[in-house]
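Next come two complexes built around subunit A: one with subunit B, the other with subunit C.
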Partner chain A sequence: MNRISFCLLLAMNYTFNQNAYADVTAAELLEKYDKIMGPAQFESEMDMTSNREDGTSRTYSMKALKSGDDKFRIWFTSPSAVSGQEILRIGDNSWLYLPNLKRASRLANRDSFQGGDFNNSDILRVNYTKDFDGKIITSEDPSSYKLELKSKNKDTSYDLIHLWIAKSNFMPLKGEYFGTSGKKLRSAEFSDVKEYSKSYTRPAKVLMKNEIVPARSSILVVKKIKIDITPAPQKFLQTDLGKG
Partner chain B sequence: MHPLLIIAARNLRRNRKRTLLTLGALVIGISIMMSLRGFINAVLSAQIDAAIYGYTGMIQIHKAGYSKNVLSSPLDQSIKDTPELRAKILAVPQVTGLAPRLQFTGLYSTAPDSQGNSETSFMGLLGIDPASEDVVAPNLKSWTTDGTFLSHSDRKEIVLNKDLAAIIGSKINLAATEDQWPVLMSSDVDGSLNGEILKPVGLLANAVPGDKRFALVPLETARKLLRMEGLATSYLLRVSSLAVVETTAQNLKQTLGPEFEVQTWEELIPVLKKMTADIGRIFYFISIAFYTVIILGIVNAMFMSVLERTREIGTMMSVGVRRQQIVLLFVVEGFLLAVVGAFAGVLAGYFFVFLMHHFGIPISAPGSTFKFLMRPTLDPSWVLANGSISILFTSLVSLWPAYRASRLDPVEALQAT
Partner chain C sequence: MNLTFLQIAFKNLTRNRRRSLFTLAAIFFGIAIVIILKGVADGFLNMTVESVVKSRIGAIQVHKVGFMENLAGNPVGLNFEYPPELEQKILAIEHVTGVAPRVNFSGTISNGKNQTIVFGTGVKPSSELKVCPQAPSIITKGRSLKDEDASQIIVGNELANSLDLDVGSSSNVTLSGASPEGRQNAVDASVSGTAAALNALAELRFVTVPLKLAQDLTGLEQRVTELALSVDHMENIPAVKAKLRELLGNKYEVIDWQEAQPFIRDVVFRQKVIISIVSVVLFVLVMFLVGNTMLMTVHERNKEIGTMLAIGVTQGQILRIFILEAFTLGLVGGVLGALLGIGANFIMSLNGVEFTAVFQKTLLYPEVSSSFAAGSVLAACICTILAGFLPALKASNLNPVDALRS
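Coming up: the complex of A and B.
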């Protein structure tokens, strides 16, 4: 009798586990996305190229440093028009430091990041678990999960996001971003998955297309990224802006 | 003079009280209508003047495609502000002034207070050259309610909308030092962020309805901020009078070619044209209602007259005056009344409008805090048409009592008491 019930228990346990592995939850997928696209802390070098409708493009190079959920800092290194500019994010506030004025001014999350098609929070605030409620919906592509993310607070720059995540390695594939009116504002493609270190792999390239002005798009390329670092806390003080 | 006219005039003079009452109705009616029209004309032209001389100018020139792309990236669609282009535009007949402007958007941040807090607001901005604006939009300056207007094209100054300044708590403190001045940030022509520390020198009243998140900065300062040296998003033009705006715009289109777009103030603010048409239509219906009441009063007075003069009509008929002549007599009486009434009414109306014009009526446009002195005016052709119509209708309606008088039976009429 005991033996039978033990076997049954074992069998049940096995079935449950199987289910858990087969059906990953939306919350787990979001957590994975956040870990890939915005690790808890990192130091990186990135290029953002914005392509404008008149056919011209401009590439901005920057260094970035992230610490925890709510601290982010960027140093722009080129072109000369923005060289020396810095951005600091602490929680819900972001500041832009202008070297010619030696003064930092507040930035809005929804504003465009250096005139490109990413907005400030796309770059400075990658934390979908905190900002969105996720739900898995049927994907057109059986090799991917499709997530529908609804904004939890009015501070987010999008009201609704559709996100496709690869079933094989949980890398993000593409995203569609909608405004409060239900209008599609942007769409993103994630590509060039690269292993930056043994413990960290992510798409090296994000192409953000402007759905309102279709001739516009921006590309973010992560050139270098290190996640096994301990950022110095003073780097996230307003008084440190302009000090390199 | 025709004997009928003399008799009619004599009849009118004989019953002075009634004639004066009837004339009074006409005079008061016509003069009120004229004053009302004058007042409405003043409201309309005050709005149009405020818009043209305080904001849009009479004509604007942009790079072709500017209006279509103004929401996405207006800075790309800029004009090279060269002396040659200016000379070419100023050579067009009737063009008397030109002012370049840079229209853009920016983020305004007040200087951090002792706790390090600052207020930030998004706003629409115009980079202007104060000297040229004096020619094309002279009223812009007069809207300064606190402090002063921008002093020179290349100063680091800003003039804010009064309501916006109140919202973000930006005060005009001319004694403030540079570290207390706000920062204006904007994306330059290539999209890169740039900023400038500016001194808030004055506040602007809401003179035209529209967005209150609005500020003015000197043109050269705006050019530096946007990295757009020698460029402008628009030219505002002044022409010799409002009447030649349309023809001058056509001439400009021909001179400048398809590379530029030329718009008149009516195209820039279509709501004003629509408002003028709508008010004209409403006034038309008010006029009909008003005249119906006046004319019914006159008809009533004439019926009274027929009733009172029954014996007289009987006498006239018995000595051989024909029925048509009776009709004619009453119609001529009505006509004489109408002519005298209309003239007196028009004179009185002009007098009232003159008084209102002379002293001016202070009023503010909807959605605005700025008071204008309205000066009512009248269009002479409108007065002529209105006077003629009132004469025509009064004479026509007098046919009715006249017909009734002509149908009287002479024997019964003579017996009437």
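Coming up: the complex of A and C.
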């Protein structure tokens, strides 16, 4: 009798544990991450501060507009050195518009975003579902899921990503980004979860640490963000660059 | 008959020995200087070309079309497959003595505290040694790469200074790069040596790494961005280029060292122009000097010319005597000058002249071709004949009566 109940308990325990993982799949977690970090469309105001190895730091302010999976636009507003610069992403192509030259030049995904530790695709191309295969692996921290994301194609700027997601609210906690060699290139911490609207909550702050040069890091702070918008299609035309 | 005239001409020259000697000395030194200058200059050019071609760029380079225009952009993007069969086919081309595969990439190097942009080259050390036998000579500190090295790298001296990278330092030296598609990557490395480059800026940016490491970093498995070739003799470069074009087709660009390193080509060109100008100036000076001497001789010998004309020597014969005099001066002065020039070059080339060249202190070996020496003597003769022609014409046109009276 005792033995039977023990076995039953064991079995139940096993099932529940299984359920704790089985109730959500890696694909679902990725989808949630994409929804939180890169909603289908949004309009936002952000600051990116990059701390350099020489001890200096610089803060760039920008407005961003996203439409669908593959369209993104950024207007830099300060400091004056970059004010008037714009970025437009359409699909796999991105351009940086320089007001002094009145011309747009191509940006590569791997290039760093305004000389900081985010690269362009970190900011402009948040769509892990499309770019990565995810699987849930054992997390060191029982309150979080740990995802291992393996790149699906050669175009992603990272080969492998480890992503920790809170079990309680599905908010991302931290990330680690690796090169093909297996070397850790960057690590991120997501913090300051903030409810921007009733339907939208996300970490307001992303700290991106440069693992190659540890004295370098960059912080992205989302000051305002609205997701219930309908972006005007003409904002995502190359001819609109420089028109504000 | 001609011999008699030559004898007369020679005798005439010995009549005023001092003047003839001064004229001879001018021709002699003029020719000697031209030949020594040419020897040193050619020696310098050879040294420069050899040190660049044989220590870094190779005689011929092969890339995907557009590579040279895209050097500042993303060289990794223009890569091509390099199977062993291709290597065999290239080595089978006549005059080719070696072929070295390379991967050119841009990236960053970091010491854990700082990072800076670098332009790296992945090389296969054993092949590299065949194509650029002097490559080890650019190493300033430490040692050059070996085939078995996996993570050893060579950095420019200036780069080593600016990032405090010391030979043997492995802690935290990281090379970062990206695949043509933009996949970021980084690998740990250790510094096996530091090396000199063409200039300080290049030294601040250059890194040489094992081929495999560059391929891993950039995701180019079995692919390369550049082939460097060596040939047995520099004059065979055009023939080898043509054969390569035939073999590879129009998707590849085949360039020689001059196109790969226009800076050196320009140095070579400039030097040739300078030598030519100096030579011409010296020859013109010699010409005026000889012309002056001959005019004086004619003036002095008016009576003698009158006598000769009076006893039946023809105008043509007079002309010939004076031209032969000028020619003798040119020939004797020229030959002696050439002997001095060749001798001086030979003595200097025995031990070489120490010289700070493009990369480092090296020995310069002056050398001058016998054809250039012969050409100089010929030029000296032609110059003196031209210079002597007018005075000789003047002498032959003298009226015997006037000449005898003067």
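Some points to look at:
Everything below uses one rule, namely that the second predicted complex is superposed on the first by the 222 of 244 C-alpha atoms of A that agree within 3 Å, B and C clash if a C-alpha of one lies under 4 Å from a C-alpha of the other, contacts with A are read in each partner's own complex, and residues count from 1 in each chain.
Everything that follows uses one rule, which is that a residue touches a chain if its C-beta (ideal position, glycine included) is under 8 Å from a C-beta of that chain, and two chains touch if they have at least 3 such contacts.
Note that the structure is predicted; figures quoted are calculated from it, not measured.
Partners subunit B and subunit C, brought together by superposition on subunit A, clash. Residue contacts after overlaying the shared chain place A:85 against subunit B, while subunit C stays out of touching range. Of the two partner chains, neither subunit B nor subunit C is touched by A:141. Look at A:108: by the touch rule set out above, it reaches both subunit B and subunit C. Of the two partner chains, subunit B is the only one that A:116 touches; subunit C does not reach it. Of the two partner chains, neither subunit B nor subunit C is touched by A:192.
Looking at the shared chain after the overlay, A:228 reaches neither subunit B nor subunit C. By the touch criterion defined above, A:50 lies against subunit B but remains apart from subunit C after alignment on the C-alpha atoms of chain A.
Once the two complexes are overlaid on the shared chain, A:213 sits against subunit B and subunit C alike. In the three-chain superposition, subunit B clashes with subunit C only at 255-263, the remaining stretches of 183-191, 219-227, 255-263 or 291-299 being clear.
Comparing which residues of subunit A touch subunit B with which touch subunit C, the overlap comprises 53-54, 108, 212-213. Note for the complex: subunit B touches subunit A at residues 72-73, 76, 107, 109, 111, 116, 118, 120, 122, 183, 185, 187-188, 190-197, 227. Against subunit A, the residues of subunit C that register as touching in their complex are 74, 108, 110, 112-115, 174, 176, 178-179, 181-188, 216-217, 219. Listing the residues of subunit A that touch subunit C in their complex gives 53-54, 108-110, 119, 121, 151, 153-159, 179-181, 183, 185, 212-216. By the touch criterion stated above, subunit A contacts subunit B in their complex at residues 50, 52-54, 56, 58, 60, 79, 81-82, 85, 96, 98, 100-101, 103, 105-108, 111-112, 114-116, 212-213, 238.
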